[in-house]
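Sharing a structure here in structure tokens format.
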Amino acid sequence: MSSNSFGKLFTVTTFGESHGPAIGCVIDGCPPGLAIATEEFRRDLDRRATGRSRHTSQRHEADEVEILSGVYEGRTTGTPIALLIRNTDPRSKDYGDIAQTFRPGHADYTYWQKYGIRDPRGGGRASARETTMRVAAAVVAKKWLAERHGVRVRGHLAQLGDIVPRGFDWEAVEANPFFWPDAGQVAELERAMDALRKCGDSVGARVNAVAEGVPPGWGEPVYGKLDGDLAAGMMSINAVKGVEIGAGFAAVSQRGTQHRDQMHLDGFTSNHAGGILGGISTGQPVSVSVAFKPTSSILVPGDSVNLAGEGVQVVTKGRHDPCVGIRATPIVEAMLALVLMDHALRHRAQCGDVGPMAPRIA
Amino acid sequence: MSSNSFGKLFTVTTFGESHGPAIGCVIDGCPPGLAIATEEFRRDLDRRATGRSRHTSQRHEADEVEILSGVYEGRTTGTPIALLIRNTDPRSKDYGDIAQTFRPGHADYTYWQKYGIRDPRGGGRASARETTMRVAAAVVAKKWLAERHGVRVRGHLAQLGDIVPRGFDWEAVEANPFFWPDAGQVAELERAMDALRKCGDSVGARVNAVAEGVPPGWGEPVYGKLDGDLAAGMMSINAVKGVEIGAGFAAVSQRGTQHRDQMHLDGFTSNHAGGILGGISTGQPVSVSVAFKPTSSILVPGDSVNLAGEGVQVVTKGRHDPCVGIRATPIVEAMLALVLMDHALRHRAQCGDVGPMAPRIA
Amino acid sequence: MSSNSFGKLFTVTTFGESHGPAIGCVIDGCPPGLAIATEEFRRDLDRRATGRSRHTSQRHEADEVEILSGVYEGRTTGTPIALLIRNTDPRSKDYGDIAQTFRPGHADYTYWQKYGIRDPRGGGRASARETTMRVAAAVVAKKWLAERHGVRVRGHLAQLGDIVPRGFDWEAVEANPFFWPDAGQVAELERAMDALRKCGDSVGARVNAVAEGVPPGWGEPVYGKLDGDLAAGMMSINAVKGVEIGAGFAAVSQRGTQHRDQMHLDGFTSNHAGGILGGISTGQPVSVSVAFKPTSSILVPGDSVNLAGEGVQVVTKGRHDPCVGIRATPIVEAMLALVLMDHALRHRAQCGDVGPMAPRIA
Amino acid sequence: MSSNSFGKLFTVTTFGESHGPAIGCVIDGCPPGLAIATEEFRRDLDRRATGRSRHTSQRHEADEVEILSGVYEGRTTGTPIALLIRNTDPRSKDYGDIAQTFRPGHADYTYWQKYGIRDPRGGGRASARETTMRVAAAVVAKKWLAERHGVRVRGHLAQLGDIVPRGFDWEAVEANPFFWPDAGQVAELERAMDALRKCGDSVGARVNAVAEGVPPGWGEPVYGKLDGDLAAGMMSINAVKGVEIGAGFAAVSQRGTQHRDQMHLDGFTSNHAGGILGGISTGQPVSVSVAFKPTSSILVPGDSVNLAGEGVQVVTKGRHDPCVGIRATPIVEAMLALVLMDHALRHRAQCGDVGPMAPRIA
């Protein structure tokens, strides 16, 4: 069904269950000649890794990427690039009784209803472990976008429960385990997380990402819109419940005079559009904001039913991650990069490698 | 590029510009044997029609659907269903000087940058006129979903600028031109619209839609998620800037104990998930909420540039629609129906026409 | 299901039944800026038209193409191009009793088994009438290929029953109603056709097509091979039973020393490969040969069954076309052009608008 | 570009180069609940293996399949099934000087012209090694088709150079290394192969495959025809130059009275259609015939050019396989099974799990 593939021309197909032998992906459509090495995957995979801080679950995954194909003497050849990561720390014993129980807020019940069979070990295919391969595939996309077009993709945590950033500094983002843009609030975030851990509860989060340097003209009418594909990509991330482009839901209360981004040759006066008009990039930064629900696996018991049709109480033991959103930043960045990469190729398919049209807004 | 097609198995391809000879669509993959007649398109097309009230632009489109293929003796045959609507009221003279100017908030500049050519008449392909065909195609989807699975798709306006519904009554929704669920507020909405029209400004809106009766098991991991496709479909509607499933962005501030929908055999205790877990339907109502930006075509002059690279003032003359969102309800419903229809077929492709698994939450 | 669409990036979706209101197509992905006018469709449509000579069935179709979208001021805009042809000569009365009977060699029985319903008028969707839209869409492709890359696509009848060409002259091909490359044999062909008509029988045919000027590098490993897509395209034409690239089935008896096309800088010594190696064009002419079965609608009665499950005798009345292959040349050309067009765009998507690599075989 | 994927609903994506670390595939869309074990891949992989007899090249590949995902406790779960085979015998030293030379009849020159870079080791992605994964994926398809629909897919060598079978016996096919249906001719084939090996030349071959038990109704108009997809699948196999369905090119010389398969309730009188009419299965055996060109890697020197643009003589050293066709039978069977599997799912997507319509030809 190709439902495990993303992208029309830069197509990423992922496979693997959380506690199976391995996870991996196949990237089809990558332009030839791009230099890529195993080491380049490490940084973003480490950023996503679950063991990054005491505020995320303590599973330590080596996440060693093996390039199985598509690269010859350090350069992409144009043929499919297969990436493989062995699951080295399955610990499937932790998940034994889950096989008989549908956990609230998880995909247990829906997978069962769909397939009549499910791999219960660590959430199986529904685990956030799958997103590792998105991040890996996006390393390739980010590099090509940067080298070829000067595009830079970045993200940060924008809300944790009710806490919002007071200041904003890109430097700070990479300097704390929350990807939080205000270094002065990190202690506050840690206290909030500790409190959640103590009471066994969890909280939601908002992640923003932005791509600078995207040339005008990427995206397609009308079902291939850049924002449409971004929405699909973001909503396909585990635990995501909402997606905004530019002003997002704030646009509901805005006036037209306020929302429309007036144009001068030296620039737009604002970017409520989030860098996209009519589904096509304007040349302004492409900005997206994503809502993550609170982790469903919590220590507070919840009501559910089991396979035998009995009412049961479910409680998560062992690993507990009070906010899935705090390690989601690299994943949101990855989806943004994958969508842009795909549209870069789609644009030149239809319109060729043409330069910008005049007049061009700075 | 198939970028004008939506859906994998129930595939709708639309074509046509706002002021060209016609708009139309081709529906590929419709199951055979469904009774469908020309008259059945009228109700939803009328609901979407721009001339519905004095609060929407006064273009009177006949919107007479002609079935060109795929139906024999009143029943679908399984071959592509082509629908055609002639544009009877082009009045392209209204749009003469737009050809030289990029209107702020519109796709003029981005189409130009992408293609180096654009059809300026009424917004061309970027016009909301395209959504007429989504509504038409969804008439077929809604009927099959209702007949085959008892699915009912409904929608309503959920916010107009800062105004939110006080009460909620589905009966009221169809009884006023705003699709507003509280009849007692209609006068207030009319005053708000009149005020906007007077000052030549516009405002955003929120539209909600819900599908009841969706069986559990529709949707696919991991890039074919039901919510992922809903997000793509909604974000592909003109002027949409945000999409939420279930709790949406409210989930950011929620606790896990609050968000997770606990399960009992006689039902879920809540529906923060919006009827979808792990990308697959739970059997609860599938609910989506969509943000529309304020109309960009307003009477207040705005700064822009023209083709010659000069700074200009842009002002919309003639038709003025202070809120595009108030006629968007049928379009949001349509996208919800199209996504569900597609997933109904995708589900039985992979899993067959199986009945529900036990245990099933009521 | 998109089963009525052809091409990944230059996507042609056709619709319409033989005796319904109209047939048409939507071309999605056409590059912008191509000049195209209604008149340009006439030549190839006339070449394909059934009333071309007394040797084809006498239905006179006006085949007036209307451009419904995607063209502004005579140039393609990059948005979908919809083409429409009204069916002006339905005469559905001719086909009355066919509704109850499955004609041997036709799709009557298989459509019935698949769908449980079928449009019996003139073969419905299974009619060769559908190929009209392939020819129309290919007019656009041929023009772009010619303008942009100097590609020239031509075809001819290469066998009629047991008759094969003695001489070969491209000039002759367009000068006789058979697309036959030896003018001296036309009288022989006419006698053969008259004899068939007299005895109410039919015969098969072979059509060859060739594309000159295709640059090396078009086509993709491994399921997107140029020859793989050509095979799919050709086999999708009504009545086709076989496809060959280059040497085709003759390669079975060839030795490696004989088949391999040796390479020198001033050219290949032969073209048994048919211009394709590893699924990718070599720069030599791309050549394909296609087998058409004899027309199934003949005047000689044949055994069959009817809807009631009774044995019946079927005989075609009225129109009788002793060889469908003799008007197939424009259709084979069309599919060749559509595949090349698609791959031209796919190539630049992945590899960009790069010039030829050195060394290049002349 | 998804050009390394095959199938719309039972989608197989392959990756890997002949002498890279591994080859593999991802099967997306497999129905859940199918029992599948590692051992089940062995039989067909062994049938395809290059070391099967002294008549094929002497590379000994272990071809141990590892199931990486999509199977839980021995049953498919509905999620992607990834299969991996490590390349254990690379011997890339054999291929050293090939990097600088374009071998005639190989994809060396075309990959270079397309990508500007190529993996020369063993043919890289263009190697027939890729077909291993088609055979592996088809093991899953064959099993489901057999269990669910009683479909049986078989194939055999039908011509070797000028030698054609005198008798036909399915038992014989599996009892000799040529998949030849007449045991009495095996010595003759061995002599022919020995003679070719002695003179360093090669020869082409024809492979036939047939699927029995296919129900009527599989396949789709008009670009999703069963025969269209078969043609694409077969032509995508390395070295294939021609594809026939049913009578194939023999239909060119046939009369309509001869070709059409008359219908009686107790069966068709013949099967010139090859089990497909209008692109949809008739219920008769689906039969396909495929032409393989002679191996291009031969010991007789041939003219070519090198990267520096100089004329050179190319000669294959080491492994020499005088006829690639003799181990192609399992690959042709595999593609037939994959296409049928895909259409089985496509059929039930659109038409549901319905039983046969009456009347049904036996």
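Each chain carries a letter (A, B, C and D) given by its place in the written order, and its residues are counted from 1.
To be clear about the criterion, a residue touches a chain if its C-beta (ideal position, glycine included) is under 8 Å from a C-beta of that chain, and two chains touch if they have at least 3 such contacts.
Treat the numbers as computed from the prediction; the structure is a model and nothing was measured.
Distance from chain C peaks, on a Cα-centroid basis, for A. Chain A and chain B touch with mostly matching residues; of the residue numbers seen at this interface, over half occur in both copies.
Compared on C-beta pairs in contact, C-D and B-C come out with C-D as the pair having more.
Chain centres here are Cα averages; for chain A and chain C they lie 45 Å apart.
For the pair chain C and chain D, the distance between C-alpha centroids works out to 26 Å. If you average the Cα atoms of chain B and of chain C, the two centres end up 38 Å apart.
Of all residues in chain C, those that touch two or more other chains are 1-5, 8-9, 14, 29, 32, 78-79, 114-116, 125, 221, 346, 349-351. Contacts from chain C toward chain B in the complex involve residues 1-5, 8-9, 11, 13-17, 20-24, 26, 28-29, 32-33, 66-70, 72, 75, 77-82, 84, 114-119, 121, 124-125. Residues 9, 29-32, 78-79, 221, 345-346, 348-353 of chain D are the ones touching chain B in the complex. Those residues of chain D that touch chain C in the complex are listed here as 1-6, 8, 14, 102, 104-107, 109-116, 125-126, 130, 159, 161-162, 201-206, 215-225, 227-236, 238, 240-249, 251-265, 269, 272-274, 276-283, 291-296, 298, 300, 302-309, 311, 325, 346-347, 349-351, 354, 356-361.
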